[in-house]
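Just below sit the structures, each encoded as structure tokens.
Next come two complexes built around chain A: one with chain B, the other with chain C.
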Partner chain A sequence: MDVIEQLAGSVTILEPRGRIDSVTAKEFGERVINLLNIGRHQLVIDLNSISYISSAGFRQLLIAKKSTLEKRGKLALCGISGEVKRLFDIGAFDELLPVYSTREESIASMQ
Partner chain B sequence: MNSAAIPEQEGRSPSSDLVGLTPKRFRKKKLIARFLAHAYRDPVLPPNTKKPAALIYGADDRLSAGIALSNGLQHVGLISINLVYPLLICRLVGAPIPVVEDMLAIGMMVLAFGTIIQVLRLGPIGSGLMLPSTFTATYFAPCIIAARIGGLPLAFGMTLFAGGFEAVIAPLLNRLRTFLPVELSGLVIFMISVTIGIAGMRQMLGPTAGPVSGAEWAVAATTLGSMAALNIWAKGLARMLCALIGLIIGYISALATGVLTLPLLDPVFRAQWLGIPHVRHVAWSFDATLMAPFAIASVAAAMKAAGTVTICQKMNDANWVRPDMQSVTRGVLADAVTTVVAGLFGTFGTNTSTPSAGLASATGVASRNVALAAAAVFFALGFCPKLTAMLAIMPRPVVVAALLYALAFILINGLQIMMSRMLDARRTFVLAFGIIGGLTVEIFPNSVKLLPDSIAAIAGSSLVTATVIALLLNLVFRIGVRKTATLLIEREQIDPQKIDDFFIKQSNTWGARPDVAKRASFGVIQLVDAVAENCWSHGAMAVRASFDEFRMEIVITYPGEKIEFPDERPSADQIRDSDEGARLLAGFMLKRNADRVRSATKEGRCTVHFHYEH
Partner chain C sequence: MTACHVETRIWNRIAEVASVAEIVSEFCAKHDLPEQFLVALGVSLDEALSNIIRYAYGDARDHSILVRLDYEPGSVGATVEDDGRPFDPLSAPALDLTSPTRDRGFGIHFIRHLMDEVRYVRQGGINRLNMRKKIV
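Let's turn to the complex of A and B:
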């Protein structure tokens, strides 16, 4: 799994590509924690290029949300569609995670 | 939600009218308020339903009385063409005009009743969706046979039976899919239209029909031509109500050409504007030999009702994925109860109106209030003897033209349903031999005289013959239809991509839908994820996938313990902070991902069974 990283002002945008499953979830979670540890507390995770996410991936997203809040930062998710949207729906994760339609909306939510 | 276009909900609590009442009246009114809240005011759509952009008023939206009434009138206009079915059945058995008038008046009230119980949710009955009732072509052929053998009482009695039979099969529809595949329902619809078309043409050209004058041909051509022309070239309301306008044009041309004379109009002149219909024509009788044709017709009616409920579900939900079978069953039960009531009060079988679902989709108005308005209009029309008398004297060429217009859409719909499936050799034989068998009975009616009397009564119906042939061939040809493939996964070499590739390849080979293959693939990968750490102790995991056109079954066997499939999602804290919480989440997602899940452990090996409807 590759992760593209971009900066938009004080907001860090992460765009993972491929699958977030039991093999890759930990690596992705560590990447988020590392960013928080170096002071990047405003994170947008764009899931547009993700083809699959397992329960391990969702667990990492929940850990990322809690860690961000502990650092008094903000986390927003966007780019959820197709199969990933179906998986969000079956787990009702939009109740647990801050989900926005577009990257722009996610960045705006950081203000 | 499409908030810009949505009117606000009324938001009144059922108890807001209860202030200042005596305790007895309070309790009574509270009970009524609770009943209404449950049956009508409570939302019928699931809370996470997303309204499609094209839909202005969804099932749960309330609208003003004016909008509801104008839309209700459109539905009544659309449905009224189907009054031609009971009318023609009465004509074919020579029922007197007053009986036809009463039967039509009661028929309209039955349609009102059916529309209301569909929109309410009374016990297990009613989908809660905007789905008016209509008379149906489905019961036409069986009713003709019954009425010819035992008069109208036998047709009414067997209609009661058909409604009861539909109620019995309503909860079983999903399980009967193997025996009643989609293409077979297409065949039934096609044969229904063929039967009606031939019955209609026999009115003009049959050996017992009176000679047809030039004026009658002209009236038939004008009626049918105007209906078709309005449907093709008109716009808006004129197109929507083309059948009704065509009927009016038919009457006018019949008057102008002398086909409809003043003496023939006498029952209309004598009829009152307002009056209560009689039930003196109501009587019932039963004949066991007619159970087969009525049972087949009721299966066709149930399948059509299920289809119409599904159309309405889809119309109301932008994220619709698959039919909500509970709502479908409730809708079919409401349809069945309406047919029972129709038989009980001396009229013919009904069905949910597919054109009404189409109209709701076209106008973007699918609110339940519209159904109530349509029911009110039908109920009121039932008390207008002048109108029913006018319908009862409908001239022969107008009846035939209306019938041909109505069946054109049914016939093509039947063909489309048959052709919607990939017609392999199995299905080709099932459909072709079914159609040939049915047409043989229509063209050579004497051919059944060679059969014993009890079978001849059944085989004498082209619809029944075609359906029975197709049902039997479908059963025989199912031998060897199931396909299977197995994938072995080593615990030390787990590769999710390999699992995904397996399902993509197999679904392409089998012709399975990609969305079902994706769900199956997710199920296996997620299970592997969940059990790999703690439950799967050693050795290989065997994934056996099997598929037929109705389902995909995945049976996964591995040495080790089984995982739990909870009904409730674990809390965010549980998921985050414990491995057990993460496993529970996996089990929860797996349960929601499949249509059915079960697991068992035997002699140290766990077997998980995922079932996906196709």
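Let's turn to the complex of A and C:
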């Protein structure tokens, strides 16, 4: 799994590509924790280029939310559509995770 | 198109699941299946296999797990066979989606919602899980 990382002011945007499954979830989770540990506490995860997320991936997103809160930071998810949206709906994850419609809204939520 | 299947064996290591994801991708492309089948088969197999690899074995030995994908007019199926301890994933209680602290049990919940039919049988020391999705 590749992850594109960009900066928008103090906000870090992560755009993972491919699958967040039992094989790749741990690596993705560590990437988030590493960012928090170097003081990048405002994170946007854009899921636009993800084909699917399994429960291992959702678990890492829940951990990312918890870890961000512990650092008094902020997490926002965006780019959720099609089959990935369906997976969010099946697990009602939009009630557990901070989901925004667009990248711009996600960045604006950090202010 | 007539019925056909593809079969592989993996070892009980999480990294091995990546090869199954690739086979699912090739299988869906070969049969020209829409995106929802790639997601249903990919996620369901990831859940079933990771569960077996994490919890099915009480020893540190290598175990081989069989994965079979089959296509027939009207449906596609994924079958997983392992020689781990007996476990019927369908016996797991339904996930309580109203609980704000829910963080476990999403795997079988995904399988139940992504596939149209899930069957489990224990036979000759083998767990066999068959999951099917209709092509409508």
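To be clear about the criterion, the second predicted complex is superposed on the first by the 111 of 111 C-alpha atoms of A that agree within 3 Å, B and C clash if a C-alpha of one lies under 4 Å from a C-alpha of the other, contacts with A are read in each partner's own complex, and residues count from 1 in each chain.
The criterion applied here is as follows: a contact is a pair of C-beta atoms (placed from the backbone, for glycine too) under 8 Å apart; a residue touches a chain by one contact, two chains touch by 3 or more.
Since this is a predicted model, take the numbers as computed values, not measurements.
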| item | value |
| --- | --- |
| First (chain B), second (chain C), both or neither touched by A:Ala92 | both |
| First (chain B), second (chain C), both or neither touched by A:Glu83 | both |
| Touching partner for A:Asp21 - first (chain B), second (chain C), both, neither | both |
| Partner chain(s) touched by A:Ala56 [first = chain B, second = chain C, both, neither] | both |
| Contacts of A:Leu69 with chain B and chain C, given as first, second, both or neither | neither |
| Touched partner set for A:Ile4, first chain B, second chain C, both or neither | neither |
| Chain A residues contacted in one complex by chain B, in the other by chain C | 19, 21-23, 52, 54-56, 58-59, 62, 83, 87, 90-92, 96 |
| Chain C contact footprint on chain A (complex, rising order) | 19, 21-23, 51-56, 58-59, 62, 82-83, 86-87, 90-92, 95-96 |
| In the complex with chain A, residue positions of chain B that touch it | 48, 319, 494, 496-497, 500, 518, 522, 525-526, 529-530, 532, 569, 572, 575-576, 582, 585-586, 588-589, 592-593 |
| Sites on chain A touched by chain B in the complex | 19, 21-23, 52, 54-56, 58-59, 62-63, 66, 83, 87, 89-92, 96 |
| Residues of chain C that touch chain A when the two form their complex | 14-15, 17-18, 21, 35-36, 38-39, 42-43, 46-47, 49-50, 95, 97, 100, 102-103, 106-107, 109-110, 113-114 |
